[in-house]
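Listed next: structures, encoded as structure tokens.
In what comes next, chain A is part of two complexes: it sits with chain B in the first one and with chain C in the second one.
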Partner chain A sequence: MIGSIIKHIWALLCGLRETLWYFLKTTILGKPITLMYPEEKWTPYPRFHGLHKLLRDDNGKEKCVACCLCAAVCPAQCITIETAENENNEKYASSYQIDISRCIFCGYCVEACPVGALLMTGEYELAEYTREGMLYNKERLLRE
Partner chain B sequence: MLSLTIDEREVDVKEGATILEAAEAAGVYVPTFCYHKRLMPFGACRMCVVEVEQMKGRLVPSCSTPATNGMVIHTNTAEVRKARKTLLELLLVHHPLDCPVCDKGGECKLQDLVYEYELTENRFQDSKFGYPVDYYSPLIERNTNRCVLCGMCARVCDEVVGVAAISFVDRGFKTVIGTNFERVLNCEFCGECVNICPVGALTDKLFKYKARSWELKKVNTICSYCSTGCTLTLGIKGNSIYRIIGDDTIGVNKGSLCAKGRFGYQYITSPERMNSPLIKNEAGELVRVTWEEALERAAKGFTEVKEKRGAEHIGGICSDRLTNEEVYLFQKFMRAALGTNNIDHAGGFSYSGLLKGFKSSLGYAANDITLNDVRCADVIFVVRSNLSETHPVIGYQVNMAVKRDESQLIVASDKTIKLNKLAAVSLTHKPGTEIVLLNGLIQAIISENLYDKELVSSSTEGFEQLKAKTARYGFDYVEKITGIKEDKIRETARLLSQNKKVCILVSAGLGIISDDEKLAQAVANLAMLTGMVGRKGSGIGFLGEKCNSQGTLDMGALPHLLPGFEEVSDEKARNAFEEAWKTSIPSQPGQSALEMFEGAEKGSINALYLVGENPVVSYPDTAQTIKALESLDFLVVQDLFLTPTAKCADVVLPAASFAEKSGTYTNFERRVQKLNCGLNKLEGVKTDLEIFGELSLKMGYEMNTSTPDEVMKEIGTLVPLYTEVNYSRLGEEGIVWGSPNGGKETTLYGEKLSKVKARFIPVEVDEAMLEPDKDYPLLLLVGSVLFHSGSLSTKSPELDQVGPGGWVAMSMEDARDYQLTDGQPVFVRSKRGEIALKVKINKKQTKGTVFIPYHFESQPVNTLTSKDLRPTFVEIRKG
Partner chain C sequence: MDLITLSIMLLKIIVVFIAMLLGVAYLTWLERKVLGHMQVRYGPMRVGWHGLLQPIADGIKLFFKEDIVVANANKVIYVLAPFVVTVCAFASFAVVPFGNELTIFGQTIPLRIADVNIGILYIFALSSLSVYGLTFAGWSSNNKYALMGGLRASAQMISYELPAGLSIIGVLMLTGSLSMVEIVNAQKDLWFIIKQPLGFILFLICSVAECNRTPFDLPEAESELVAGFHVEYSSMKFALFFLAEYAHMIVMASLVTTLFLGGWHLPFIDISSLHPTTLIGQLVVSLLPICVFGVKVFCFLFFLIWLRATYPRLRYDQLMKFGWKVLFPLALFNIVLTAILQIFNLL
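Then we have the complex of A and B:
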């Protein structure tokens, strides 16, 4: 009987091993994990899904070829692209907009892009005072 | 019948079918690149290979191998898949695979098959070709790098369209699809090649980089240009049309379109379109007002004229581009709300062949043939019709009938036209002598005893008069007048009276104004004589110019006929309408368009309502037209654009285009087809249907119908021909009125003309009319050109780009005599006016004639012409 109780408690402790370790690490053994945001900022992990960015190639030209695959794959349908032809008979996005308020940060768009023009950055501070502010146009997405 | 087994499925097919056709019948899918059911089998791509147990040891191309009895076929074995996969790998060796920016992406056969066959890498490698892309041809972009050499474009251009503008150039690895001497495309720009290309090698420039195929909503509707009635598939994104394609499974055209239908839609979004009603202020300027004010003013204007002078002083003319429902409401408005029978359409000329000619000879103001009859005919006789320009898709059928099924084509024309290339007999006659030629043919048929005696004696009357009246058209006389030799007339007479399937095709419309009534009667005489009316698959096609030429007649936009061809003077018929409309209709027939214009000058017509008509540009004798419009007290014009006619108006009402409304059109076959609304209306416009309803209400008469559907229900109750027509039954194929079984039988006249009273009406022309004046030595031929229809198409910049105006065509001989060179500015003068144009030398033009198209505002050819149906003669001097 006692044996079985000990066994159960042992199992519980095993299950909680990681949690307890963090508990100790952020209390007695180390400093607290809570960040004093916004005074303190968090550094996201490298593969974090944050705000999108449109990339340029080495010559400073937009990489996006306006294939619209990102818009097609987006489950939240928050990417709107208008396409046109430039003076060199190439296709480009005459307008490219992501409604970040509807984006679910799945990253499908980045995966779909055949030319690696789209990236998700670590930027996570996306609050705005207006809904319009949540609409990211091409200029904002191409930011340095 | 053959029976065979395909992938374990038993199937029976007709003798002569290919394995691929059998597979299709069995519901088995076989991938193809170079096969299309509209084209002859070609066997170029080998994608369609299958295994046949009886032909062991090799794979056979199913598209070009005839099926035989008892064949056992496997379409999807490992070996077949391997062969297809290798083929795809080979195709991809040189393929640029720029799918992300290729406009075909998403509907590309190569893409789909590469995906289906899970091709992730290629065993073969080579450098890409890097051919230059043709960015310079109008409307069509050619990127040879993406071509899979299926040859379908070249074949459709030759086998269907009959142009052969492109073909294979060079051999082996270097083979490409090209034009002669690598020039830019200079063809009919029908876009059939673009439509059929399985990959992105030929693309629509208007659609270039505008959207991806999967973003487009597809709406099937009916073309608003000519009376062929092709089904268009609009590609819509947001609230604009991005492209138009043909769907080869539906419509009378089975996917074929012409340049007008495919590329002529940009007028819908033209910035020139009106988006607000206008009324004329005291200063005589048109100013923007609200709908309320405009309708108020229109109603007040009509009421004033009605009260001061009487309803018979008001007239209304509509266009034959309105839908059936709109035409019906228009004439109801005129008859019931205003109380006048002064109603007409299309200038009053364009339909006289059908209405006066056919109705008096055969009893129906309609054609009795279908597009399919033309395709299947043994003999096709084209009279006064450049149908490859006016009705291109009918032209395709003629081309296919001749090239594939060896139909005999006879072309009677006053100049060399495209169809002459295919003709077994070319009757290139002197201008204006068609009727003499037809009488000559009748004479030849009678004198040689070739006519259908049984039919003539049992079902017709007036044969003796015909015989007597045509007796003087002997071969010598006909040759003197028309220039056609005896042997050709004999040959034609023989071809026409073989008791086979014969179709006669004639074009009509504002472009070709002449005595259509007589021409139609002469054609009807010939048709009755040879027994072709009432025979299955034979008949006459009098091809109206606009999309609803037939429907506008059916719906009674006529001074003397109510909807359904009921005489207004017939009390019983009138009563039925009066009862339904709860008002009285005047019993006297009204005035025709011509009479209204004359009356306007004389003061017997004081107010006009013009709907979609642009008489200043398209009616003959512009000076008289303008004078008439100026003498009116009140003019209301309803149109999409501020046309020269609209500029004369007191009230201008902006209307919606065909893509912004629903309704029905009736094509030349009498097929009632449904228009499906694709776009929301441009802000500020209303459909013609709404305008009629609201205007009528303002005049104190309520129509009780607000949607096209309701109007069609009302039509169904009052017009027996249309009782079958019900929106829920229309479907993709439409309904041919007057034919049971949804148009499968063409029984308008019944077997051996049993359903009608057929009469021979001998016709003659005043041959002296064709003598030129010594001051005006050249005969002016006015007409339509391939890229335009009416004056509407000129508002589409793309059509204007390939078919610009501003020219007069003349023969090489005349140009030499007048010492004119191509492109030289000249003045063309007739008794009525003068216009400045540029010379276009055309070796097909007949000496002594000049040709000017009538579509263009900037080229007002109608300032030269007259309304009296007599030919116009002109002189030319250097400008």
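Then we have the complex of A and C:
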């Protein structure tokens, strides 16, 4: 009886010691785990699913061949492509649009692409003032 | 009472009131900061240096919020409740001796607002009255959560006031007086925490319960009752409840300091026996007790916050069981023990 009471009180004291230890550690020694966000930025991991990017080949030509597999595989159906042919009778995307407000960042589009034209970057600050701002056209997706 | 005494009295009241308000404001800052650091966070950082202006920002925000009076509330009681709580919390501080004497320009000012010869009873009476405010708030809001909170507050207060009252009887037996000033003077050589360790621990637990602080914050158990008795309050009325809770903490901290931690006395050094001749020396001797008192109160407040960071809330039946089956018999035992030891002159 007495032994169990002492054990319980000891456990309570251990709890107090633990919180005090963390208090001293944070106050004197270390840095809190909080990230002071706008000043300090988080660096995403290499495989982070952020904003998409359309790639160019070494000659500066768009890699995309407008096969529309990305649009077909997209579960959220947020990719809209219009196709056209250029002077060499090659297919290309005359308009390529991703509605980022509907995108679920699953990365299937990247996996589906047969020519590796699409990539997901680490960009995660995607807030916009308007809904129209969430529609990324080809120029914005081809950015450097 | 001549004009000088009257103006000194008024000045003391105003200074203490403002100090109390500031103390409450920065207690909220301290709580958020300490809790944050204990959880490896920063706490408030944005408003002012390390969030030092945060309480002011909070105050302004609460002041400009919409003041909602619930349609089905009992209007008179609903409006009255926060004022009852706040007045009780702030008025309790009137009998706390926060320093010895201030000697300045030939005037000797005792550093307390009132030396009532039943000071302890006065504080206990007011803290009992403040539970009416909580119950009023719970009842008049016409909300099941608020009502539960109010009921819990009253039941908890009854259960914990009893052991709290009984645990200080040992101190009163040693002092032979109910006056706060007498109790402080009786601890000149030895603090009552050493003579009354059991009484101190019991009163410590009960004071946490009376402030409605974690682990005894059942009246406002947010995970069960949304916010408890003040769930329907907004704007300044909510702020008054908030103010009262923290003022109550300060009063309880000063009560523990006065009863068990020697009030404004320093250990081993008797400040009141020093009589320096220079003006600065006199001022230091006058202000040192206030600082000593403040440090002790601060330590107790830190302890309260520390408890909140550490322990989860008790279940309601555990709370009642603990109050009646553990604290109450122990408090009675403490009285008997103190009486026996005093008869044989061992204390």
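We adopt the following convention: the second predicted complex is superposed on the first by the 114 of 144 C-alpha atoms of A that agree within 3 Å, B and C clash if a C-alpha of one lies under 4 Å from a C-alpha of the other, contacts with A are read in each partner's own complex, and residues count from 1 in each chain.
By definition in this document, a residue touches a chain if its C-beta (ideal position, glycine included) is under 8 Å from a C-beta of that chain, and two chains touch if they have at least 3 such contacts.
Note that this is a predicted model, so its numbers are computed, not measured.
A.B. asks: Report for A:Thr26: first if it touches chain B alone, second if chain C alone, otherwise both or neither.
C.D. replies: A:Thr26: touches chain C, not chain B.
A.B. asks: Going by the contact rule set out at the top, does A:Glu18 touch chain B (first), chain C (second), both, or neither?
C.D. replies: Once the two structures are laid over each other on A, A:Glu18 reaches chain C alone.
A.B. asks: With the two structures laid over each other on chain A, which partner does A:Leu142 touch: chain B (first), chain C (second), both, or neither?
C.D. replies: neither
A.B. asks: For A:Cys67, using the defined touch cut-off, is the partner it touches chain B, chain C, both, or neither? Pick first, second, both or neither.
C.D. replies: After superposition on chain A, A:Cys67 lies in contact with chain B alone.
A.B. asks: Touching A:Pro114, do we find chain B (first), chain C (second), both, or neither?
C.D. replies: In the superposition, A:Pro114 touches chain B alone.
A.B. asks: Once the structures are superposed on A, label A:Asn89 by its partner contacts, choosing first (chain B), second (chain C), both or neither.
C.D. replies: First partner only.
A.B. asks: Which partner chains sit in contact with A:Cys106 here, chain B, chain C, both or neither? Use first/second/both/neither.
C.D. replies: In the superposition, A:Cys106 contacts neither chain B nor chain C.
A.B. asks: When the two structures are overlaid on chain A, which partner does A:Leu126 contact: first (chain B), second (chain C), both, or neither?
C.D. replies: It touches nothing on chain B or chain C.
A.B. asks: Shared contact residues on chain A, chain B side and chain C side combined as an intersection?
C.D. replies: None.
A.B. asks: Considering the complex alone, what residue numbers of chain B touch chain A?
C.D. replies: That would be residues 99-101, 105, 133, 135, 208-212, 214-215 of chain B.
A.B. asks: For chain A, which residues are in contact with chain B within the complex?
C.D. replies: Touch list, chain A to chain B: 65-69, 72, 83-85, 89-91, 114-115.
A.B. asks: Where on chain C is chain A touching in the complex?
C.D. replies: Going through chain C, the ones touching chain A are 34, 36-42, 45, 306-307, 309-311.
A.B. asks: Mind listing the chain A positions that touch chain C in their complex?
C.D. replies: 12, 15-16, 18-20, 22-23, 25-27, 32-34, 36
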